[in-house]
Amino acid sequence: LAHANLPDLVALDRVDYTGIDLVFCCLPHGTTQAVIAKLPMHVRVVDLSADFRLFDTATYAQWYGHAHQAEGLQKEAIYGLTELHRAQIKSARLVANPGCYPTCSLLPLIPLVKAGLIETKDIVIDAKSGVTGAGRSAKQANLFSEISDGFSAYGVGKHRHMPEIEQELSRVACSDIQVRFTPHLVPMNRGMLSTIYVSLKGCTINDIRQALEAAYAGESFVKLMPKGVAPATQQVRGTNNCFINVFEDRIPGKAVLVSVIDNLCKGASGQAVQNMNVMLGFGEELGLPKVAMFP
Amino acid sequence: LAHANLPDLVALDRVDYTGIDLVFCCLPHGTTQAVIAKLPMHVRVVDLSADFRLFDTATYAQWYGHAHQAEGLQKEAIYGLTELHRAQIKSARLVANPGCYPTCSLLPLIPLVKAGLIETKDIVIDAKSGVTGAGRSAKQANLFSEISDGFSAYGVGKHRHMPEIEQELSRVACSDIQVRFTPHLVPMNRGMLSTIYVSLKGCTINDIRQALEAAYAGESFVKLMPKGVAPATQQVRGTNNCFINVFEDRIPGKAVLVSVIDNLCKGASGQAVQNMNVMLGFGEELGLPKVAMFP
Amino acid sequence: LAHANLPDLVALDRVDYTGIDLVFCCLPHGTTQAVIAKLPMHVRVVDLSADFRLFDTATYAQWYGHAHQAEGLQKEAIYGLTELHRAQIKSARLVANPGCYPTCSLLPLIPLVKAGLIETKDIVIDAKSGVTGAGRSAKQANLFSEISDGFSAYGVGKHRHMPEIEQELSRVACSDIQVRFTPHLVPMNRGMLSTIYVSLKGCTINDIRQALEAAYAGESFVKLMPKGVAPATQQVRGTNNCFINVFEDRIPGKAVLVSVIDNLCKGASGQAVQNMNVMLGFGEELGLPKVAMFP
Amino acid sequence: LAHANLPDLVALDRVDYTGIDLVFCCLPHGTTQAVIAKLPMHVRVVDLSADFRLFDTATYAQWYGHAHQAEGLQKEAIYGLTELHRAQIKSARLVANPGCYPTCSLLPLIPLVKAGLIETKDIVIDAKSGVTGAGRSAKQANLFSEISDGFSAYGVGKHRHMPEIEQELSRVACSDIQVRFTPHLVPMNRGMLSTIYVSLKGCTINDIRQALEAAYAGESFVKLMPKGVAPATQQVRGTNNCFINVFEDRIPGKAVLVSVIDNLCKGASGQAVQNMNVMLGFGEELGLPKVAMFP
């Protein structure tokens, strides 16, 4: 960005908020609650941290290791999965932008849970992310030589995006849902793919297709792929898109959902801009690429 | 290999088999049955194709699209997962070297199915392979620019390694087992990781650990990793090792197995050499690296 | 592009050119001359092949192995390095879009040769390209497993972009210039870097900086980087930019130029669009990204 | 290495050197001189740092920013480019294992400088290294996301391996030689390639080939490739080999040398083992792979 003519960075306590309608808050988890609590009331917020994603502050405390520091604000925060909560986002003051894994897993699952088409006790989410999901801090584990030409699982059985996924599925189902979720690290910069194993609840694969088709018919960024085509992260690189497909298993009554996003776009800043567009009444696609950079 | 002093390649019909004890057969699927049928009886064979892996020739015909061409030979073929069938391999004339996905999936599962520790109706295998698994033929899908910096699923619900996995699990269980299996393509040269979701059958995670520990205590190449350590393909790159670990899920009664191999070694030629060593009475580790090339 | 609403592809001999102002011609080298010769006169052309880049048709025949098939057209073709030939491009009917290596090498060299600041007998261009430079045809040499985790030289001493570089340098110098040029293949999708070794002709490194600064002061896409900063292809990924820097050697009177482009943008289709913008009187930046996709 | 049965690490001041013939010293530059000075006299040393590579301690001080701390030891240190100084290495107490860039550049150049076949004022070395050359410390610049899918130059005009290259070339030429040298970073784990531009001194390309052929005829690890074949780092991955080739330039009297090594083997620990083998009278190839791991 060295050659772009950007305004200077200003320290947080010297910002003049006059004339500022909305801020994107991109601070580390745990530091955001205090910062947002001090913002003037006229400033609307899209927060990219995890600080306001869990509306049950006890769950927050359990997964993040400390008490919530802005419980009042939490009550008004809207979970910013745009396609799911668009109406509330429109008038929200504080939008908690979802994690990348939850975005990629919830988009295919929500319409099916909502319509009661799949068993809710039996969901396995096997998720794979590019390395940018780990951020830019200088840790040995993220060095090129550690990651290149290799593949690994991490956080098996206990990743922080689990409660976020479960919160939104449970709200839609009006009952507690627990999922099995394993994240993996792919030697690529950006991209995320979820392979989701579900059991059909007395319906066919075509019912699943129709439910997904119907749910996302009017959406700009979420698409059901043609029958049989396998989603690949390359197809959404650099875009705010989420591509989904569903495959029949050989075992009757079982199906596999596959979804892909760019973890830095629909999984982070892209969805943040999408939410801003909704909040400020802009066209929802404004500033958001839809054609993938391939290769 | 240009600088190694290797003997000249000889056309198949001009080979003098005098003094040859064993051949490795590395032909494409479907072409091997006829070739092996013509070999002199004193020559023992390790076949790296899929042609003799399925002992039910009807299953073979269904998955490979043509009738089996050497049904007699099939009857004497031994499935070459060394750790499982070592005794029979020792005296076999024809060993069908296992596929990479079956090797990586069966090694963690077999001891648990054998001991009746997991439900057999509920096994999900989410597998990921480096690009060398696709061979060296010049296809657009395998170009660097198609694969680099991306991740995709393929063959969802219908990969040819499925029946191989099911055959061996069913034999051990003495009942028909079907698994859910999805392969994925990782932008790396070599390496394979299986994430396997299982339900415990009235046992604890420690029982699982003990069963794996006991099964592989005397093995050179298969290791259970220390509690909590996530397997990564880098740990076995260039070796004939298979590293396994098991993790407790938050949902009671559920567990996740993770296993890694080098798909070109334990998943192909390494296991072929291991089988030759067993067949000819050599030390089983002969010629097989155990220290990974990292990075 | 599956989800974009694009018009259908039409066979070449069925195109209705009414209302078409300009075509991009992206055919293989050697096939374009005949095709363009048949286009209606009102249609202007940006040709991305090498077919019209060399104005000496004998040189063309020597490097491409067959006689030129549209010598008349060649006479009116303008070499489309926008920054160098903008005035002529504006009114050209046929623009020969430059190769990626020539673009990356000429942009830093042209102002220095023009100003007589460097020796012209002593230019060494060591160039490195991402794999997309080799196109998308299914060749073994371009497979992921051949290229990943490796680096190689190719076409040493005889690459077809040589005469293109020499033609433009010689025109500017008004004397014949020959360069030493070696291309290399980098295991990355897109990006190109040239390291150029020059001898100063009685001037200082600051004279070089000033000449480059002056030459590109009014340009949108070509930038001299701050002193000491090493150009990297990541800085221009997905953009039409060319970033240049110059470094003093320890040996007095010697300097090193380093330039980077995205070979698919400024090195191919980006520059083609830039030329179209100039030809049709649009803003030169129209449709061309300037902020890199990093990572 | 977790599964190898290795002895425990022991703190430096608690080592019992009885029965130890030789140590490999792998400490950071600047810390080794003091450590080696304290070793018992019967212990021979291969030092992998840069601390004893430059026999002129003033040059050392200039490039490494502090005075040499063991000038006495420096006098007896032998520069460990095995093929060049084998006789002295055999009886040396302290061998300074060469840097990776010097190894890769000196092996093709030394025989030509020695035979007076090339101009010594006109050598350009354009070198490219995999990321492991930067070590394993947790720096942002070495993160996967910074390096993957990109290529950059660094240390232009002032890399610390320059004086090492010049020292050895000058010794062989019996006159001061300065080279132009630019290192680059390739997005791969291991591998190094040098492209070297030289001017012939009244000889032909065949004289160059013969000189290289003759120099390395009896060597295990250094090979001249067949005419026209381009060296690639993949050909030497995991081996202690150095492959070299030479190409004629179109400009009469000019040639291009290309050499490849694995920077972690012949460029570091492999050559250290090779030197140990020479020092202790073992077979020089002992423990050193010669067949590349490809892919």
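Per-chain numbering from 1; labels A, B, C and D assigned in written order.
Convention: contacts are C-beta pairs under 8 Å (C-beta built on N, C-alpha and C of every residue); 3 or more make two chains touch, one makes a residue touch a chain.
Worth saying up front: this structure is predicted, and the values here are computed from it rather than measured.
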| item | value |
| --- | --- |
| Most remote chain, CA-based centroid, reference being chain D | A |
| Of A-B and B-D, pair with higher C-beta contact tally | A-B |
| Between chain B and chain A, distance of the C-alpha-averaged centres to the nearest whole Å | 36 |
| Chain B and chain D: spacing of chain centres that average the CA atoms, whole Å | 40 |
| Shared-contact residues (touching 2 or more other chains) in chain D | 132, 145-146, 148-149, 187-190, 295 |
| Parts of chain D lying in touch with chain C, wherever the complex brings them together | 124, 126, 128, 130, 145-146, 148-154, 156-158, 162, 178, 180, 182, 184, 186-191, 193, 195, 197, 230-234, 237, 247-251, 254, 256, 258, 295 |
| In the complex with chain B, residue positions of chain D that touch it | 1-4, 132, 148-149, 189-190, 223, 225-226, 238, 241, 290-291, 293, 295 |
| Chain D partner contacts - residues on chain A that touch it in the complex | 131-132, 136-140, 142-149, 187-189 |
